[in-house]
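First comes the structure, then the notes that go with it.
By written order: A, B, C and D. Residues from 1 in each chain.
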C-alpha cells in the first residue's frame, strides 16, 4: 500500500465537520458573520481560551498571518520571524503586500525556533537606525514550527517578554497549533495569551477542516481596524456560517486535539521506523506531524518508486526530505513505508535476523 | 408566512452542491488547485465559454474583482465604473488596496448602467492630464447591475469598443451573471468575450453555492502574474478541490441557470404585486432577482411588522427599498408579501371588489 | 509685452530665497534635518503659529498631502474632499498610493468650497455601511481653493466641527496658503488650528521658493509615525538644510505675505480688466492669485496670438480658462493683457469713448 | 583642526553648482520638466552614455532606487541584492512600499559585493517555489558598494548575464557612481549598459550637488509607466529646472569626476595613515570615498575627543567604524586625523624615530 506524505493539506475533511456543514445548511441566516453559528463560535473560543477574544473566521492561513502583520505593523513596521517561517518563505510577499511595505527581519535559530537573544539584538539594531529602518512591531512565532518542533510555554514567554519590552506585538502562526497542543499537553491559554501572545492564526484546514481558519485577537485595541482590513482584503466571507460551522465542529468534544494526536502519533512511528534505517538521519525532534530527514538517494528513490510520496526540502540542504502525516493517513501507509525503507536499506533483514 | 428579501447571500446552499462536496471528500488530492476537480472545472468552463479561458477559483467576489483591478491597472491605473458598482461602494477600498493605489472613476448612468459617451469622455479627460492623472486601464461593468438591470450583448459591445480603443481592459462583475443570463437567454460567450469582455468575476455564492467564485481570464497575457497575485492576497486556497467541486456542480446540467431563473421569476412576481399597490413605485426594470421600489412609509413599516425583511436603499434616495429573491425563497413568501401589501394599502380590497 | 499666466510654478525664485541658499552653503551640517537651519525653522514656525508644531520640510506638495492622508487614514480610511481638490484630480492617485488603499470621497460645492451639510451627510452614509465601506478619517480643505476662493475662519471652524464630531482629522492643503492669508488678513493660527485644522500642507514653491514645502502637524499623536513614513516614501532629504533655509527666508520679515499680496493684487487687476470686456464672464470671486473666466473663443484665441499664455480649464466646462499670477508677473504683462482684451472685444474703444 | 568624516552628505554644494542655480533663476519656464534645462540635461546624458537614455531627475536617491523596484518588480516581484545594500538596510522599507509588496532577497558576499553563483542559486530557489514565492525580477548592484569597494565591468557583466538569463532587470544604485568611475577609469557606458545594466540611480547629492539625483533608464519599455509612478510618489518636482541645472553643472567639464577623485584621494590618504597605526585594521580595499576600519577603543575615543567625527558601523561588527571623505573635506582634516592617530597609538613616535 502506497502512502501520501506530501502534505496534510491533501487529506480529506473529517466526517464530523462534513456533518456540521450539512446541519448548518438550513434556512436563511444573516451574511458576513452576523449569523448564529458565528455567534456560538465566538462564545466557544472564549470558553476554550478562558477569556475575551475576538475572532475573524477566514478561508486561508496566509490571510490570517497577513492581517496580523497589517494590523500590528502598517507599512513602516517590521516583523521579526524565523528564516523558515511560512510568512517569510511561502506566502509570495503577502505580509509585505497586506501591510503596504512592512519589512521581514528573518533570523536563524536551531530546530526552526527563535531565541530571545537574537530577537533582542535584531530589535535593538533596528531601533538604533531611527527613521532609516522599519520599526520592529511584531514578533511572529510558528507553533508547531516549520520544522515540526514545538515551543514550550516558557520559551514563548521568554520571547514575548523581550518583544513586549520594545513594544512589539506577539503573533503565533498556529497553522498546526492543534499538533503542538497535542504534544505539549497544556491548555490553549497557557501557550498563547498567558505566555504573552497577542494574536493567533488558528488553523484548522490542515487538520481536518475544509476551508477554515481564524485570526484570534486578545487585545481589543487590535480589533478596531481588523473588520475593515478583512473586508478590504476580500476575506470577509458572505456565507460565513459555513466557515464557522466547520470551526465549531472542529472544537467540539476535543475533536481537533484527537485528530492532531492521531497525526502526531503516526509521525513518530514513521520517524522511528525510518531513523532506524542505515543512512537515514532525523534532523529535528518530532514534536508534531512533520518529519525532516536526510535520506540516502537510493532510499528516497526507492520509496518513491514504491508509491510513497513526499517533498524534497532544499531549504534544509541537499538530500533532505519532509514527510507529513494527517489524522487520515492510514496506519498501513506508515507501516508500509517503514517496511519498504527497511527492505531498501537492508535494515529489515538485520532486524528480522536479530 | 414571513419572508426574507434581505439578500440572496442569506439563503442556503443548493442540495446538488452539497452532494458534490460530499462526493469530492474522498481520498487525497494535490493542494492549491493541482487536483482533478479543478482540472475538470477548467475544461468545463472552456466548453461553456466555447474557447480557451483560464480560471482562478476563489472564495470571495471582492477578491475576484480586486484581482482583476490589480492585474489590469497596477497602482497607476484607473477603473471606469458606475457610481453604484459594488467595487466602488461596497468593498471598503479593496480595488485601491489590491492594486496599491488605482483610482476609481465612478460615473452616473440611468438604471445602474454606463453609456459609451460618458466612458469615452471620462477616459479622454484623464488621458489629457498625462502623468498628473491615473491612466484609465479597466472598464468594469456589473452584470446584472446593482440595480437589477441587465446589459444586452450590443450594449456591452458598444462599451467595450470604446474602452478597447483607448487600451482599457473590460471586466464584468458577474456576481449575478446567472441571473442576467437567465433573462437575456443568450450563451455565456455572447455576453462576455464575444462582446469584448476580457475578464469576468464569475459568481456562484449568491445563487446557491457555499463559497465559490472564479475569476475568468480570456487573454493569456493576463495570466502571467495572476497566480502570484492570488497567492499574495491570501486567496490561493489549499484545499481548492472543495471550491472547484461546488462550481462543477453549479454548472452541471444547467443548474446555475435553473436556480437563477427561479429567483428571477419570484422577483418579477413580487415586483408586479407590489407595484400594483397605491403609492408603491418600481424604480427600475426587473431583469434579475433584485427589486428597487419607493414605498410609502406605512407600507414599508407594515410589511416589516408582519415579518417581511428587506433593506432600505439610501443610495437611491429616501423611501427606497431593495428586495432580493433567491432560488430558495419560498413562493409562499412572495405571495404572502404581495397579499400583505395589498391589504396594507387597500389595494387588496379594491382588487377583490373589481 | 506678452505674459505668462499659465502657472505660478513657472516663475523664478525670489532673490531673498536665493540669498539664503548662498548663505547656508558653508561648512558642514548634519544631514536629514539634524542641522541648525532646520532647528531654527522649527522654532520660527512655532512663533508664527503661536504654539507647538512639528514640521516636515519636503520638496513636493503632493508628498505633503499624501503623507497627511497616509498618516490619518491608513489603507482603510477615506478622505472627504472637494471634487476639484488637487489631491483628487492632479496627483495621479498619490493619496491612494501613500496610504495603501484609502478612498477619496469627492463632493461638489460652489466656488470650490465644501459645506458642512454635505460633509456630514457623506460621513454618515459611509459610517452606516460599517466594515463594507472605508471609514472617513480625514477632511481635506484646500486654502486657497482650486478655484481661487478662500475659506473664512468661521467656515473652516464649521467644517472642522462636523469632522471632529465623527473622529476625522482636518487637513488643509495650503499650496497657496500665503495667498489666502494675504486676502483674509488674519493670523496663521486663526485659519488653521484655532479653527480646528490638525495638519497643514504648507506651500512655498508656488510663491517664490525653489523646492520647499512643509507638512505641519499640530497633534503630537500624529508625529509618531511620520518620520518613518517620510523616509519610506523617499522624502527625507539628506541635505535638508537647503530646504529649510528656503523656508526660513520665506517666512522672514513677512516675505511670504508680501509676495502673495503682490500676486493677488495682479490677479484682481487682471480679473477686473478682463471682466469688463463684452462676453467675458468671471466665474468665481478672485480671492487669491487664480482667475477662472469664460471667454469668447475669439478673445481667447486673440490673446494667445498676442503671446498671452494660459490654460483652458475643461473641469469647469467648455470655454473656461484659468489665469494665474505670480509675485514676479510683470505689471506690464497684466496691463498688456487687459489692453489687448479690450482691443479684441471693442471694449477699449467703448471705454475710451466713455 | 578637527574633521568631519561622518558623511559626504554633510558637506556643502560645489560652487559651480551654486552658480548654475543662480543662472537658471531667470524668467519663466514650464514646470514639471518641460523646461529647457531639463531638455539640455537629457541630451547631455545621452552624449555621456553614448546612447538613448530616459532620465527622471529627482531630489532623493531612495526615490530613484524605489522607483526602479516598483517599475521592474511590482508587488509580486523580488529584488536580489547584497545584505548591506542601502535599499535593504537604510530605506525604511521604501522598496517594499513603492512596489506594494516586493520582497528583498538579501545575500552575503565579501567586500560588499555579490557573486554570480549566489545570485543564480537564489533565483533558482525562488523560481522553484512557483506561485508560493515572489518572482525575482531585479538584481540591484551598488556601485561603489556600501563598503567602499567597486565592481569592475567584467564583474558587472558576469552578474548581469546570470540575471538576464532568468529575466531579471539589472539595476545599479549609483549613489556614489562618480566615486566608482574615478577609480575604475572607464567610461560610464562600460560600467552600465555595456555591462548589462538596465537602470541606474545616478547620484549627485553626496558628491557636491544640493538635492539632485536621477533615475536613468536604458530600455524604452521601462519608461511607459515611470512618469506616472514618479508623480504618484510625489517625486515629480514642479520647478524641475532647479534640479536639472544642478545635474547639468555637475556633468559639465568633468566636474563630477574631479570632485569624486578628490574625495577618493583623501580617503586613500586617510586609510593609509590610519592603517599604519598599531591595532587599526582596514577591512576592505579603499576604492571610493569610504573607509571601514576596526579601531582599538582608545584610538577611536581619542580621535573623537580631538574633534574627529565618524560613525560606528555595527553592521560590520563591534569596534568597526566608517569614515567618509568629500571633495570638500579639507586636506588638513585628513592630515590632522592621521597625525592624531599616530600620536594616540605611538605610531607617530616610531615613525619619527625611523
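In this text, a residue touches a chain if its C-beta (ideal position, glycine included) is under 8 Å from a C-beta of that chain, and two chains touch if they have at least 3 such contacts.
Here the structure is a predicted model, which means the values were calculated and not measured.
Student: Compute the centre of every chain as the mean of its C-alpha atoms, then state which one is farthest from the centre of chain C.
Tutor: A
Student: Name whichever of A-C and B-C has more C-beta pairs touching across its two chains.
Tutor: Most contacts of the two pairs: B-C.
Student: Determine the centre-to-centre distance between chain A and chain B, using the mean Cα coordinates as centres, and give it in whole Å.
Tutor: Chain centres of chain A and chain B, defined by C-alpha means, are spaced 35 Å apart.
Student: Taking each chain's centre as the mean of its CA atoms, how far is chain A from chain C in angstrom?
Tutor: 52
Student: Centre to centre, by mean C-alpha position, how many angstrom separate chain B and chain C?
Tutor: Result: the chain centres lie 42 Å from each other.
Student: Residues of chain B touching 2+ other chains?
Tutor: Residues 32, 75-76, 91-94, 97-98, 100-101, 131-132, 134, 228, 231-232, 236.
Student: Would you mind writing out the residues of chain B in touch with chain D in their complex?
Tutor: 32, 70, 74-76, 99-101, 130-132, 134-135, 225, 227-232, 236
Student: Could you pull out which chain D residues touch chain C in their complex?
Tutor: On the chain D side, the touching residues are 4, 6-7, 9-13, 18, 21-22, 25-32, 58-63, 66, 91-94, 97-98, 100, 205-206, 210-211, 228, 231-239, 242-243, 328.
Student: Which stretch or stretches of chain B touch chain C in the complex?
Tutor: Interface residues on the chain B side: 75-76, 78, 89-94, 96-98, 100-104, 125, 128-129, 131-134, 314.
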